Amino acid sequence: MSKPKVGIINVTGYAGVELARLLSQHPEVALVSVTGRSMAGKKLGEVFPHLADVKLTIEAGIGEVDLACSAMPHKESAREVVPLINQGIKVVDISADFRLRDTSEYPSWYGFDHPAPQLLEKAVYGLPELYRQEVATAQLVANPGCYPTGAILALAPAVKSGIIEPEIVIDSKSGLSGAGRTLNLHTHYTEANEDASAYALDGHRHLPEIIQELGLLRPELPPSITFAPHLVPMTRGILTTAYAPLASGKIAADKKGRQELLHLYREFYQDEPFVRVVEHPPHTKHTWGNNTCFVHPTIDLRTGRLIAISAIDNLVKGAAGQAIQNMNLMLGLPEATGLGALAIYP
Amino acid sequence: MSKPKVGIINVTGYAGVELARLLSQHPEVALVSVTGRSMAGKKLGEVFPHLADVKLTIEAGIGEVDLACSAMPHKESAREVVPLINQGIKVVDISADFRLRDTSEYPSWYGFDHPAPQLLEKAVYGLPELYRQEVATAQLVANPGCYPTGAILALAPAVKSGIIEPEIVIDSKSGLSGAGRTLNLHTHYTEANEDASAYALDGHRHLPEIIQELGLLRPELPPSITFAPHLVPMTRGILTTAYAPLASGKIAADKKGRQELLHLYREFYQDEPFVRVVEHPPHTKHTWGNNTCFVHPTIDLRTGRLIAISAIDNLVKGAAGQAIQNMNLMLGLPEATGLGALAIYP
Amino acid sequence: MSKPKVGIINVTGYAGVELARLLSQHPEVALVSVTGRSMAGKKLGEVFPHLADVKLTIEAGIGEVDLACSAMPHKESAREVVPLINQGIKVVDISADFRLRDTSEYPSWYGFDHPAPQLLEKAVYGLPELYRQEVATAQLVANPGCYPTGAILALAPAVKSGIIEPEIVIDSKSGLSGAGRTLNLHTHYTEANEDASAYALDGHRHLPEIIQELGLLRPELPPSITFAPHLVPMTRGILTTAYAPLASGKIAADKKGRQELLHLYREFYQDEPFVRVVEHPPHTKHTWGNNTCFVHPTIDLRTGRLIAISAIDNLVKGAAGQAIQNMNLMLGLPEATGLGALAIYP
Amino acid sequence: MSKPKVGIINVTGYAGVELARLLSQHPEVALVSVTGRSMAGKKLGEVFPHLADVKLTIEAGIGEVDLACSAMPHKESAREVVPLINQGIKVVDISADFRLRDTSEYPSWYGFDHPAPQLLEKAVYGLPELYRQEVATAQLVANPGCYPTGAILALAPAVKSGIIEPEIVIDSKSGLSGAGRTLNLHTHYTEANEDASAYALDGHRHLPEIIQELGLLRPELPPSITFAPHLVPMTRGILTTAYAPLASGKIAADKKGRQELLHLYREFYQDEPFVRVVEHPPHTKHTWGNNTCFVHPTIDLRTGRLIAISAIDNLVKGAAGQAIQNMNLMLGLPEATGLGALAIYP
């Protein structure tokens, strides 16, 4: 039986090109079509020399595929995705266009009216650690944002189990590739190098996603979440440090409590191929090019607060790798297929 | 009248060498003596080519000075400082040896019994924004740690005015020079580059300082502080993001409240030569080589939390520059003397 | 007597903003006017937070000044400079518009016909180490390019003295600020970080300058120069490594020859305030923010080749600092005025 | 039939740990033993979190293997390798201990008398592009140094074909991982970041290797080679730019000559799986984690010089990847087995 055919819409951004790297090496699917607006007609290897062995030409429109991954920017992605869905093609959408369940969020956070509210209802939020079954039977999967992936995985066991008060602070440090390939003074080397700064304190677009998903984990007690993203001078990686007071009477703020916490996290993620609960603060460096999310939960014994830290490669578990994890589930393949390459260190 | 003579104890670490840069260019003092253990006998410019114009030889012991800045490591610094104090010499100690008012903190945080508790009482915590008068008449000033400088300046107006609940989370991102010049796998280029990580979550040594000073600003309501330091791949700079719930009934969580908050911070720091309250999240890049602390206070309108951010150069306002600010006050010089050089950008 | 009034044309690029930093702190001139096209009307400190203390508003056109520094791009600079020269105002032009003595070079290297060939004849190439007297009496000084500054200073003593054959290879490694503030995929952080590459191997625009000036040092034996510029992931700094065979019978390829070479370089630069001949390979790090050029000449004893290395801060000695050095000479001020600040290390 | 068993001697340096990454994912060999002095007894994943899935414990001595890769430092490697060879085990030695054919080079370049001159004669220099057949039948392969790999591959076609004069200048720019994991002030983050410098101008230890191998390509005209290594602030990658005058009468210094040159290089490397001859200057970024060597030959038309540039990942093609390429040949496996992973970009 021939392998399923897959395609990438907008291969020329960082999520798209990372999809191309991973899909072209995937043993159980055939990457047959990649699109890109300004680069249509060029060979993939001309635009991206590291992909010279991938013999594909960038096209203006997607070819015949069984499943497409869209790496288009938000708003534009929905336009590409809707016709494919109508044709019965499976889609993993890396943009935000199908992540938020409440259509009214789109005008306020993204500045447009959602063009296909009926699809929004069918779309599944593609964090396999929470929605594995739903993803497996979905036609349309909304791949989570990079920050939400790290934040939700750091906090899910604590929120779900009710061991914390819902007063949550999330402080994330991202490398520059998260800001995309589009030119911008903030991502100009000379401006971004040797600099650290916070941004989007009025509300980053990934915040409603985080609120939605952590809220669903414990509907009876909606969380109050402050999310502060930061840029730090590195190419890949998101380190997320989350803080919340322990709920009284659940886990003690002592060394034994810390062990219980670790145990709780390990149980929560016990069968997860891509979440590794660790006993020391993780380094983003150990995720370079790899789909693993390291999670380190601990308790600040002096104050009785949970500190939960996650480290991911924003372009892999935070984008292309997670898309492939979803794709594998949707195609009935073992979830980790094509995602086994170890991180590159140092 | 001749200029006061000053010396640097342990010029060979990063705080020491930065002191040498700033003091050798200071118009109102004469840098006459610098010490260094392993490098004694060498010319300063041999060890540090950028200081080739500073015609000093590294000595084993400090020469005759009116004021000494000690950049020795903790525990060793007290040993050098005590005899100088007994001789009537003024001292700015950059180490932690005279920062904590409670001697019992030294065994638990620093692993030694304090050798001169009587001096601890006389020492002044050298954050001029809080203790300008005391510094001016002190013989011994304990220069604040780099993290405490950023954290206290970010939070002091909010704590002092009582507009926040004392439930404080402080998340700091530091460049590698803060970890010193001593060799260490964590600061090896290949390990630290392209990496972000948290450390010392069990309690960084700068935490008791932060607790002490924020506590003194509002003794009636001792703060509960979680402090998480992080290393990010840059040479200089500390960005500190602090979070706390607004106290009810003080400042509203709306746009007007934000303006009031800004006003409150601006009033608090209105005459400060080295604190600049700004309306946008600051960049560490804008402090490179300079003694300014940028502070940006804002309110997360969705949750009613204060977010207060500070940016400093850890080796200047976080160490050598602040030491000179203290020295100026102790010598009766205008506080900003020798500290006027603009930051180097980009 | 009042201080000379100076202005900056196009303050918004990296050379311009570095000029603003240095001129605003210069003790003997008054920076009274700065221009910038898209930013006209804004306060300088709004656009560049590190300059908040410089109380100037960016203007559309230059005000009344005694001397102007132009940091406009080539071709556009001449348009601004010509009218100023006609009004009798002194000008240091940081662009390439008056560097090449042969007008026919402009169409081929820069793609335009020179608009003012008569001024080209009057202009002085502003490398004070070679043209100090001419600069002092010039009305129009062409500030050298960043690469030529490093390359010429590395090679001038060897070329002038005839100790090398004129078969010269120049390999330069530049930080990204040399590529300017204009957005470009090559200077996007994510592309430039963790990358090294050569470019412009067909002939960088700085090559004719290098050929012209090294040629003038020894007109009887025109050099054959290969120049290969490279980008390496840092913000500031140019390291230039130049290679040429020793001429036979001049300096021996042995340890004694190395000492003679060092002596020859030290004599050549003996009174230079901004060239430091050193016995070890220099580091660009030691020039950060400073006007010094470190030069290290040595002999490859196995092959009898000269290796001459220079290190500069491309924005200081390679642009704004050198412009001020020229300005000082043109205004009759001591050459090093306002350029004494030590480099920032680490 | 069971897979060949392989081991790594000294897994704790950067070449060793990169071998572990690549060998543990290799489909046709079984990585069964890894050694490390100070870390013996620890699990590999404890020391290197990215290898947590590799279930091996670091041992004091190598276990039973068919082939061992030694990543010991020079001098110490020979001591480990000799007994293995005597036992009939195949060895790829990543150290320099068997690279130089002339035993008298060891005292002068490496400071020790070679302990096994008889093995030196049997050892094959493991650059498969030059010695594929010999490697395939060798028991002991000396894996080339990182700089020689880039330099020889850049120059081999030109030297072999006689199109250049043997007056060669090689200027290499290396990332810091090439300097190893041992602590050292030069590789301390704060010293190495934002810095470029040359080193070892008196003769880097990789120079005799380069001389030996380029000399063997054209024994009738021994080359005169200047080699200047540089450190630039990145983790991985070596960019080598080599220069030599074209020999007269071979290839013209015009655009047609450039095409001939390209053709000559393409023919030379036509069947090579890991050398890619490209028409534009290559970027080290495109080799991250991958075994490819990009080579770009061109002619400086003004001066008639060859400029040949290569880009490699110093830990892959410059160390561990090339060792595996050699191992594959020695074990009769297809040469590219286990080396197919695409580079990670950006």
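Going by the order they are written in, the chains are A, B, C and D; count residues from 1 in each one.
Note that in this section a residue touches a chain if its C-beta (ideal position, glycine included) is under 8 Å from a C-beta of that chain, and two chains touch if they have at least 3 such contacts.
Bear in mind that the values here come from a model prediction, so they are computed numbers and not experimental data.
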Centroid-based (C-alpha) most distant chain relative to chain B: D
C-D or A-D, whichever has more C-beta pairs in contact: C-D
CA centroid of chain A to CA centroid of chain D, Å: 37
Chain D, residues touching no fewer than two other chains: 14, 177, 190-191, 193-194, 233-236, 282-283, 288, 346
Contact graph of the chains (line, ring, star, complete, other): complete
Residue ranges of chain D in contact with chain C within the complex: 167, 169, 171, 173, 175, 190-191, 193-199, 201-203, 224-226, 228, 230, 232-237, 239, 241, 243, 245, 281-285, 288, 298, 300-303, 305, 307, 309, 311, 346
Residue numbers on chain D that touch chain A, as the complex places them: 14, 17, 21, 24-25, 48-54, 177, 194, 235-236, 276, 278, 282-283, 286-290, 294, 340-346
Of all residues in chain D, those that touch chain B in their complex: 14, 176-177, 179, 181, 183-185, 187-194, 233-235
